[in-house]
Every structure is written in structure tokens, then in C-alpha cells.
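Comments concern the structure below.
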Amino acid sequence: MFSRAAKEHVFAAATRIALFISIGILAFLLGAIILRGLSALSLDFLFTPSRSFGSSGGIAYQILGSLLTAITAGLIATPVALGASVYRSEYMTSQRARRIFDLMLYGLNGVPSIIFGLFGLILFVNIIGTGLSWFVGGIILAVMMLPTATLATVNAMRGIEKNYRENALALGLTREQTALRIIIPQSLHGLVTGVLIGLARAIGETAPIMFIATAFSGATVPTSLHEPVATLPTHILALAQQAADPAALKNAWGASFTLIALVALFSLAAFFARARLSPYSRR
Amino acid sequence: MGSALICASLVGLIILTLIGQTGPVLSGHFSSLWGTVWNPNTDQYGIIPMLYGSIIVMLIAMAIALPLGVLTAIYIAETRSARLRGIMKSALEVLAGIPSIVYGLIGVAYVSVWVAKGLDLQTGRLILTAGIILAVMILPTILTLTEDAISNVPEIYRENARALGLYRHEVIKDVVLPHAKRDILAAALLALGRALGETMAVMLVIGSLDRLPSPLFNLLSSGQTITSKLGREIGESAFGSAHFSALVLMGLILVLITLALTAAAQWLIHRAPREAAHV
Amino acid sequence: MSTAQHLTLVTDSAPQEASITLSDFGVWFGDSCIISGVTAQLPARGVSVLVGPSGAGKSTLLRAINRISDDTAGLAIKGGLTFQDEDIYAGCCDVTELRARIGMVFQKPCVFPRSIAQNVLFGLRGVKLSQAQKRDIVESALRSAALWDDVHARLGERADTLSLGQQQRLCIARALALKPDMLLMDEPTASVDPVSARTIETLMRDLGKTIPVLTVTHNLGQAKRVADYVMFLCDGQLVEAGTTDHMFSKTALPKTQTYLCEEFCDC
């Protein structure tokens, strides 16, 4: 059999090869996106609407649609996440209840994105009858973001010194007042960070909004709640399906780069939010 | 606070989803569900090809990404270079933020082309291609989590083992990996769940063929997964029809599987703490 | 000597002559010098003790012998260190194999999450052993570590059910199972209760009869009790080295006397 020293060399080589392959893959991904994406970008591209099913023209309305649905999602998710985490932190006293709550959130987090789309389709588009609607898209994205935002806020609340709560209650503040004046301000960094991270994910999602909020052609600026919009991810999807056409492909890369830039924007915002909003005790 | 409502709704959302899915007309075409033919026009809704596709693609992805990820993570965690760790971590964080549709684009523009050229085939839209793209997608997750797990093994174990005259690979096999086993398993489950649930990237490169490949293990044929099927046909099927409900049923199965995986991963992470650490 | 050869010498007479020779030996981590200019020869039998105030470099010197600190960033070695007449810092030296010949026991007992017997056998690699051989090795190692009586009835139990003192002796047994040519011990009694400490001290003296034992200690009483040879380090320099009688008497250097008798060192 092989000697131990020989086995050591083989193993070391194997890990080195694995590293090499992994780095190669990661570098290729980043490189392709940056290079192909940049070459397709121009101010024109960013600010004009698309034509001929996307193979020419720009992505102005797609950017708008993506931002619109994302911001809507953020606005919906923030109060819900905040309320839920306050409830969990301050009112749920049983460990078991908390565990179940957390489990539900993790479960929600693990649901495949297309199921959210399916859910939205069944519940909102058909049963409630809203039809294609950007607003519903925002709702669904908010639902997707909820676990991320809530868990981040809960974690921030967990970190609050027990002293704060006890002192507040000793001073005669009610639970609501404690929550309002002490807990919430101290956990804002978690909430904001969580929402921003959730937004970074949500803005890139295709499947959830694919058949409930978007239309490929004809969508411009919505004038009511019940209209579809164009978004970047669905645009990329449509372009990718025309892969044989180099012009379409080029625009797909440009749209991808823009999308990733938006994702990066939200992620950076989350990073800075965490740094600037953290209470002094945690810095 | 209306927060009690909110919490209840969080739970209710999931349950509602499932109830919503009981639109399926299980009564009408139940028998055909377990067949292997999917043809809405002839009222046949065999879901086996899609089920098979999902599982096979997931297996390919894990078979590629897990060994690659674990070995790379071992290198990174055991290396003395803090710089390498730093660079890898940053790169992995960036990659984690890339939307799945972009992976799909890469699959279409590069991987499927390479597979077709490399294996001299007419098209690169194959089960294999989908597996490869998925592997690339879950690699960052596996890498980060496994590297964390290995780094968290206390140094003192390694030191004692080395002092006994064990080679690095023996230290890793007999001391480090057993200690990190639980976390690595949780990471694998997480990656598995993501692989099963991924839609866009798979949809674009799998070829959309609703048939079991023949022979069964022919990775070089086109295929279909639950997610790619849903992605393609939900828009085309009428709400309330048998077609639609069959699709919903597949979705339901998928959710149940992913929920089970999540629960398993959670249970794994929160089990009683392992051997008491005097160290 | 390989592990396989070790095992065949189980019933042999005394192991070969072994001594550590240091010539102008120094250790740097980056820019900071931990020890320098150490020249000494350790006896081939008996217990040698490294003493000195905190930060003197005792542990560093000890760990340099089995090269366990090799992986630390910025490590630089100057001078020579020979063991059994080989320069252990020569490029051709297989560090892993060296560590199988030089056993080490650490300050904090660290048992692996396995059974007691498995812990003892943990370092034995590359040899096929029958169940009978394994049992013999476990028994002989545990007896040498004065632990056999305590645990012989529960060898299959997990090692972390033992008390700290017992765990430390298990670590000693684990090292002894490899039949090392030398044993290094870094403050082995610092983490255990006084009764176990005494047992381990007796152990050290017994082990010193067959192989050289080098230990680091802050406990001067312990040094006096166990040592045949004492090395006094201060501020990275070897101040003086000699037999226990000499070092603890008025014939030693004033600085040595100050430390050993009054436990005061102004470095």
C-alpha cells in the first residue's frame, strides 16, 4: 500500500488542485460578468426603453420596474419584520414558542423562489383577482424578504443588554414604552441591514414575479396598482432565450451587469448601515 | 401591537400556500400522475420524469460541488496565509449576491456551448449542463460554510495530534473532520435544498424534455426538473385546469421536500452540544 | 526509528543513547527574539527541568525540540539543535517522523472524543496490529502512566469522562505508546489537582530512568523534587545549567541563586 508520506503528498496535491479549480471557476464567473457586461453598457442603454423584444434599445423601464417592486417590497417588509421581532423578543416568553417561530421563518426562507410565484399567482392574481400587478409583485418579494429581515432584527434584539430592559421596567415603563424607546432604537441597525440585504436578494429574483407582476412588452410606467411592469431579471430571461441572436445576448449581459450593480448597491448600503447605525456598545 | 397577527400570518402564509395548492384535481387524473408520460393534450400527467430530473440534477451538482468545496475549504482553512482567506471570503461574498438568472445566462452563453463542443453533440442543453451550472451556483455556499466549520475546530486538537507524529492528512481525517462533521453536513443540506429549488438557471439549460432519459443514467440527454417545468408551463396553463393542478401538485411535493431539508438542517445545528470542551 | 521498529523493541533493553545538543541556538518570531545563544547538552537519562520567570522562553525552547511550532508565521531558527546526533532542523528531516520519536505532553490535557483505548492507540499509524498486540500496547502504556489501575475496567468508555488529572495521565500514556526516545512535558501539572500532580511527578522520575525527560515548570518545589539537571533561562538567555544539587546550592551563580532560592529575577 502507499506509504503515509506518499498519501500525505497525494492529499496535499488534491487540495491544491481543488483550490486551483475553485479559484478558476470563481475568477471566470466574475470576469465574464464584468467584461461582457461592461462592453454592453452605455448611457444610452441605461436610459432608453427597449425595442424589438429587447434585442435593441435599452433597459430604462426595466430598471424602473425593478426599483419600483424592490422599494415596495422594502416598505411592506420593514414594519412587518419590526413588529414580528418586537413581539418575539418582548412578548413571547416561552422558549418553545420562540423556537417554533424561528423554525417557521427558516422554513419560509428555504421555500424555492418559484413557489412564491406560484403562491402569488394562485392567491392574488386569481383568487383575489388582481391580475398582473406590480404591487402584488412587491408583496410577494416582501414575503420572500421577511425571514432575512426578521431574523436580523431578532438577532440585534438578542444582543441588547438585559440590563436595559430591567432598568426600564423598574423605572415604571410599560412594555410598549420599553419597546418603543429602548428596544427598537437599539435594534434598528439589525432591521435596516436585514431589509437591505433582503432587498439585494429580492431585486435579483425572477421566478417569483415572472408571472404575476411582469409583462415583457408594452410595460412602461404603471399608472395604477393593477398593471404589470418590466423588470431586469425577467428581461434577462427573455433575452437569454434568444441566445442565438448576438445583439440580444449583448443586451442580456448589459442588463445583467446593471442588475448586479443594483444588487451591489443594496449590499454596500447594508454594509454601511451596519457600520453607522450600530449602537456604540457594539462597535 | 398587531404583531401577533403578523406572526400568525407568517405561519399562515406557509400553510395557506399549501392549502392554495389543494386546488389540484387529484381526483380526476390521479392514476396518470405516477406514470412517465406528460402530455396535457391527452390528459396524461406523469410527474416521474420531472421528479427524476430534479433529483438527478441535484445529485450531479452535489457530486461536483461537495468534494471540490470541501477540499478547497480544507486548503483555505489549514493554510497559514491570512491573505488568501481574506481574498476568498470577499470573492465568495460577492458571488453569493449574483442573481440566479445571471448564472442561467452564463449557462446558456458558455457552459452549454462548451459541453456541446467538447462532447461533440448537437446541443448543450442537457441534464449534465444543468448539473454543472448548479454545482457552480452552490459552490460558494459550500465553500464558505465548510471553511467556517473547519476553522472552528480548536487549534489545540490539531496541535496534540501533530505532536503524536500524525501527518496533516491524518490530522484532518481523524481529528478535524469528525469535529466539523455536523456543520459540514448542515452546509451540505442547505446546498442540497438550494439545488433542488433553483429554477432559472436550470430552466435555461436543461432542454425541457419531459421524458426519462434512456438508458436511465444517460446524463447527456435533455430533461426536465420540477422547477424548470413550473417555470415554463405555469404561464401557459389555465388556472383551475387539471394541467394547472398537476403543476401545483409538483410544486407542493417540492415544498414539502425543501421544508423537510430545512427542518433536518435546523435539527442538526441545534442538537445537544457535542463533547464537553475542557479545552 | 519507525513506529514499527519501536514495537519490536518492546522487550529489548535500554533504548539507544539519546541526548539533545544545542549550539548557539536561537528562535525568532518575526522581528522579536525569543531565545538566543543557547548552548547546552542535555543528559541522556533522567529528568531535566527548564526553569525561569514568565516569558523567559522556556516553552519556546521546549517546543523547538519537536518542532511543533513550525507552522507559526514568521518563525526563524538560528544555530544548531541535534537529537540523537542528527540536526533536526536540516532540510532532509521528516518532521512528522521526528515527532513520533519525541513525545510531548501539553499543559492542558487534551483527549480526543474517543474511548480511552482509542486515545492511547491514536498515534500508532502505518502498522498493522492484531487485537492482542493492541491490548498489550494499551496496557503497557497505561501502566507506565500509572493509570492502568484506574481505568482497566472501562477502556471502552469515552476519555472525557475522566478527571483532569486522569486525562493528563492518559495524554502521557498516549505519548508513551509510541515508545519515544525522549519525552517533552510543558508544565504538565499546571492544570491538575495537587494529588494528581504528585502522581505525575513520581511518573516523571520513573520515566526518567529509561528515557530523557525534559520538562518546563514554574513550580520550583517540583523542580527540586524531580530534576536531575536544571537549566535556568532568563530573558531568552541560558543563564546557567547544571545538576540539581549544584543549581540549588551556594555554588551557583548569584543570579541563579536569587531565582531558585528566592524566586526573584530582575530580568
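Just so it is clear, A, B and C label the chains in written order, and each chain counts residues from 1 on its own.
Quick note on the criterion: a residue touches a chain if its C-beta (ideal position, glycine included) is under 8 Å from a C-beta of that chain, and two chains touch if they have at least 3 such contacts.
No experiment lies behind these values; they were computed from the predicted model shown.
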Discussion item. Apart from subunit C, how do the chains cluster through contacts, with nothing moved?
Written reply: one piece
Worksheet item: Considering A-B alongside A-C, which chain pair is linked by more C-beta pairs in contact?
Response: A-B
Discussion item. Of all the chains shown, whose C-alpha centre falls nearest the centre of every protein C-alpha atom combined?
Written reply: B
Item to complete: Averaging each chain's C-alpha atoms to get its centre, pick out the one most distant from subunit A.
Response: C
Response to the item:
Between the Cα centroids of subunit B and subunit C the separation in whole angstrom comes to 50
Fill in: subunit A-subunit C separation of Cα centroids, rounded to whole Å
56
Practice prompt. Would you mind pulling out the distance in Å between where the CA atoms of subunit A average out and where those of subunit B do?
Written response: 19
Worksheet, complete the sentence: Residues of subunit B that touch at least two other chains are 167, 170
Discussion item. Touching at least two other chains at once: which residues of subunit A meet that condition?
Written reply: 4-5, 8
Discussion item. Touching at least two other chains at once: which residues of subunit C meet that condition?
Written reply: 96, 125
Item to complete: Within their complex, state which residues of subunit B touch subunit A.
Response: 1-4, 6-7, 10-11, 13-14, 16-17, 20-21, 23, 67-69, 71-72, 74-76, 78, 88, 91-92, 94-95, 97-102, 104-106, 108-110, 136, 139-140, 143, 167-170, 172, 193, 196-200, 204, 227, 230-231, 234-235, 239-240, 247-248, 251, 254-255, 258-259, 261-263, 266
Worksheet item: Of all residues in subunit C, which touch subunit B in the complex?
Response: 3, 66, 68, 71, 73, 96-101, 103-104, 106, 108-110, 112-113, 122-123, 125, 158, 160, 164, 167, 171, 174-175, 178
Practice prompt. Can you check the complex and tell me which residues of subunit A touch subunit B?
Written response: 4-5, 7-8, 11-12, 14-19, 21-23, 25-26, 29-30, 32-33, 36, 80, 83-84, 86-88, 91, 101, 103-115, 117-119, 121-123, 126-127, 143, 146, 150, 176, 179, 200-201, 203-207, 210-211, 233, 236-237, 240-241, 243, 249, 252-253, 256, 259-260, 263-264, 267
Item to complete: Report the residues of subunit B in contact with subunit C in the complex, numbered from low to high.
Response: 80, 156-157, 159-167, 170, 174-175, 178-179, 274-276, 278-279
Worksheet item: How about subunit A: which of its residues touch subunit C in the complex?
Response: 3-5, 8
